[in-house]
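Just dropping this structure here.
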Amino acid sequence: MLEELKEKVFKANLDLVTHRLVIFTWGNVSGIDRERKLVVIKPSGVDYDNMKASDMVVVDLQSGKVVEGDLNPSSDTPTHLELYRNFPEIGGIVHTHSTYATAWAQTGCDIPNIGTTHADYFHDAIPCTDDMVKEQMADYELNTGVVIVDKFRKDNINYVHTPGILVKNHGPFSWGKDPDNAVYNAVVMEQVAKMAFISFSINPQTTMNPLLVEKHFNRKHGPNAYYGQKKK
Amino acid sequence: MLEELKEKVFKANLDLVTHRLVIFTWGNVSGIDRERKLVVIKPSGVDYDNMKASDMVVVDLQSGKVVEGDLNPSSDTPTHLELYRNFPEIGGIVHTHSTYATAWAQTGCDIPNIGTTHADYFHDAIPCTDDMVKEQMADYELNTGVVIVDKFRKDNINYVHTPGILVKNHGPFSWGKDPDNAVYNAVVMEQVAKMAFISFSINPQTTMNPLLVEKHFNRKHGPNAYYGQKKK
Amino acid sequence: MLEELKEKVFKANLDLVTHRLVIFTWGNVSGIDRERKLVVIKPSGVDYDNMKASDMVVVDLQSGKVVEGDLNPSSDTPTHLELYRNFPEIGGIVHTHSTYATAWAQTGCDIPNIGTTHADYFHDAIPCTDDMVKEQMADYELNTGVVIVDKFRKDNINYVHTPGILVKNHGPFSWGKDPDNAVYNAVVMEQVAKMAFISFSINPQTTMNPLLVEKHFNRKHGPNAYYGQKKK
Amino acid sequence: MLEELKEKVFKANLDLVTHRLVIFTWGNVSGIDRERKLVVIKPSGVDYDNMKASDMVVVDLQSGKVVEGDLNPSSDTPTHLELYRNFPEIGGIVHTHSTYATAWAQTGCDIPNIGTTHADYFHDAIPCTDDMVKEQMADYELNTGVVIVDKFRKDNINYVHTPGILVKNHGPFSWGKDPDNAVYNAVVMEQVAKMAFISFSINPQTTMNPLLVEKHFNRKHGPNAYYGQKKK
């Protein structure tokens, strides 16, 4: 079942390796079939080298139960499901321990929007979640999703316009309209995290011209976007 | 038309990938035919993997209208045209979001000339443009060119001797006598930006021996240049 | 003799190159046959390109005498043996001069546990040994092992849960249940060292949520581990 | 003439690319035939991709005149010759603009000896030359050699035990018993420069245990060296 989505999720997982966002098994991509309320996700702890599209695991959006697949789904599955349940417009999710985004996550700091590379894909600062508290440790992976959703709600951030977050002391999650787009945003986040590290090392007082945020974001998104190829 | 120039511009765009200056579609190279007043430029948002020389778009230097080509030209085309119109000695232009040059651009700081690697190709500090103001946002790409030209005029910098600039909170533009030479200068800029970041991290008081600026620049440029192979 | 172990040790040494942990001959991996009390280790100063499995040297755990092999064993052999004699649960050891872990070792600072990437594999901070004193210089390589063991004893660190250390002004040693696992931990250490360097550059006040240390370590280790594929 | 040395110098030049020490034509290796007092060096400004062993240029040690070869020798030839004339025990010289060593050179700071990776190959800090003065600009490349030799003499540094230097605001020179060994030392210098940058970023008070300097240098050099494979 869901062979096409499995193929997409499988390919997107391999793209994490191509883009050097993961070593070993440290990452996972999922995709969702919104109509059937089923999520396809990478199996847990399986080498990218030996992985096949048919190894992808199908789980139920609500219950998290495995619907199809011989392997355990990624241990981060409850996080993915919580995001899909709360962010209805997303079709794919990525989690990695990519070097620079993870380093920012470790600091507990948001990645400020200081350039057009950032503004082209993330309208606001890439937020960092608050510390998890003791009661949240029991259902740790589920609650990782909960603190992500809380952060967007509490700070009134649009999850479509800012498609990613840092989980404090852990690493980045990103999402998009499909698995491929979520990987794209994961690559952007890593690159933006690297450049912000360098910029603040050079000039701790680095700031953004706020006019550029609107301009660049709207060049690529929104009703009057004009980047790329359109029907003429 | 302009098949030879299209081939050069196409190849120069691929060279950005080879030199690791771009990921995805984040860069563009153009070249100009000065006699015919036509500019050849990369199409907007097209993957480097699938791009062909025949996809290059021909636009009119003055009007910016597409003269030949089925695809939209790079959204940065008005910037390129403004530079060609004001810098009559240049034959090629490159724009990238290369990591270290972009990080410097984000800080709003010039890259000081602190070594012979820099002085060999850029006579002065690589300048950073001023903030754009609200009125400039409507014609954003055109005005990106305007603030670049303004910076060179205002600070009396020779655009042939310092063939590149950082656009504040955005990224680097470089140029040269042809598309290939503009790519060369983009590679130099990225390398110089990386080394300056490291040098200032090691020693914030880093300065240049001014005697070396003249010596090294003149070794490679000017009437008595003696680097490389000459007719004997 | 010990052909299987030689093959494993040989392959693990090549993996150091694949994971970019060594240049030239700057690293070594060993493995132990606990029943026969014999250690298999890389020969000293031999290029990875020309090395064969049969070049691996077999040495006696207690005496350090070469039992089989035409080449000199790694000059670090006495360090490996001291670790095997004092850490009875380990089956493989790795030493490298990998860039970021070595840079931390040079500083004399422990690598604090500031993220789940670290906590997934190293329960505590990765410790750094104390300075060696003059009397220890005579039997330098043996005493490198001695100061490592001392550090774990003195600070009451569990060598199974924190499978690696920095030797001050020198570089990292790591270990594991077999040579492969020791290489895995060497890769983790290098990645963790790199990310910690970046995190502290961004935010010198970076700290860890202590709840995450237990949670993440126990996800992958201990009686209730649930990461990866288990028999269902 | 000197076909064997040309082959060695040619190969050593290509190794600079393999070890990622140069981009474009930014580096050169030479070798000397001490008996015939002839130096073989890379031609100036020739692409590594198109270079052949027969392109290497033979110049006279004393006069610097081209003895054989159709191309101009490297513009840095007078520096190489000055080093060969004053450092009689060296057989090969390398100059690059490798990233981290050049960044240190730009700062004007010595690279302190803070680890065994450094001490294994460079006994002392890697020195940085003093500023050149106006009178030295006329014979710039010759005087680059002069300031290098001056630095070793003035500070009483042994050029065999510390086989390299940083030229202020310029970049590294290294040497060795032959061209290959000079490239090896250039790689060490770049790696040591990178690790020192990271170490001082982590801990500006980083210092070396002086006991390790003697121990590690003597492990690989001097009468009682025991690293690598010896006749038993």
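Chains here go by letter, A, B, C and D, matching the order in which they are written, and residues are numbered from 1 within each.
Please note the rule applied: a residue touches a chain if its C-beta (ideal position, glycine included) is under 8 Å from a C-beta of that chain, and two chains touch if they have at least 3 such contacts.
Fair warning: this is a prediction, and the values are worked out from it, not measured in the lab.
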Interchain centroid distance [CA atoms averaged], subunit B/subunit D, Å: 33
Centre distance in Å when subunit B and subunit C are each reduced to the mean of their C-alpha atoms: 46
In subunit D, residues with contacts to at least two other chains: 201
Pairwise touch network: line, ring, star, complete, or other: ring
Every chain pair meeting the contact rule: A-B, A-C, B-D, C-D
Residue ranges of subunit C touching subunit D (in the complex, touch as defined): 23-26, 43-46, 71-72, 75, 97, 99-100, 102-109, 131-134, 137, 140, 168-171, 197, 200-201
For the subunit C and subunit A complex, residues of the former touching the latter: 114-117, 184, 187, 191, 194-196, 198-199, 201-203, 206-209, 211-212, 214-215, 219, 226-230, 232
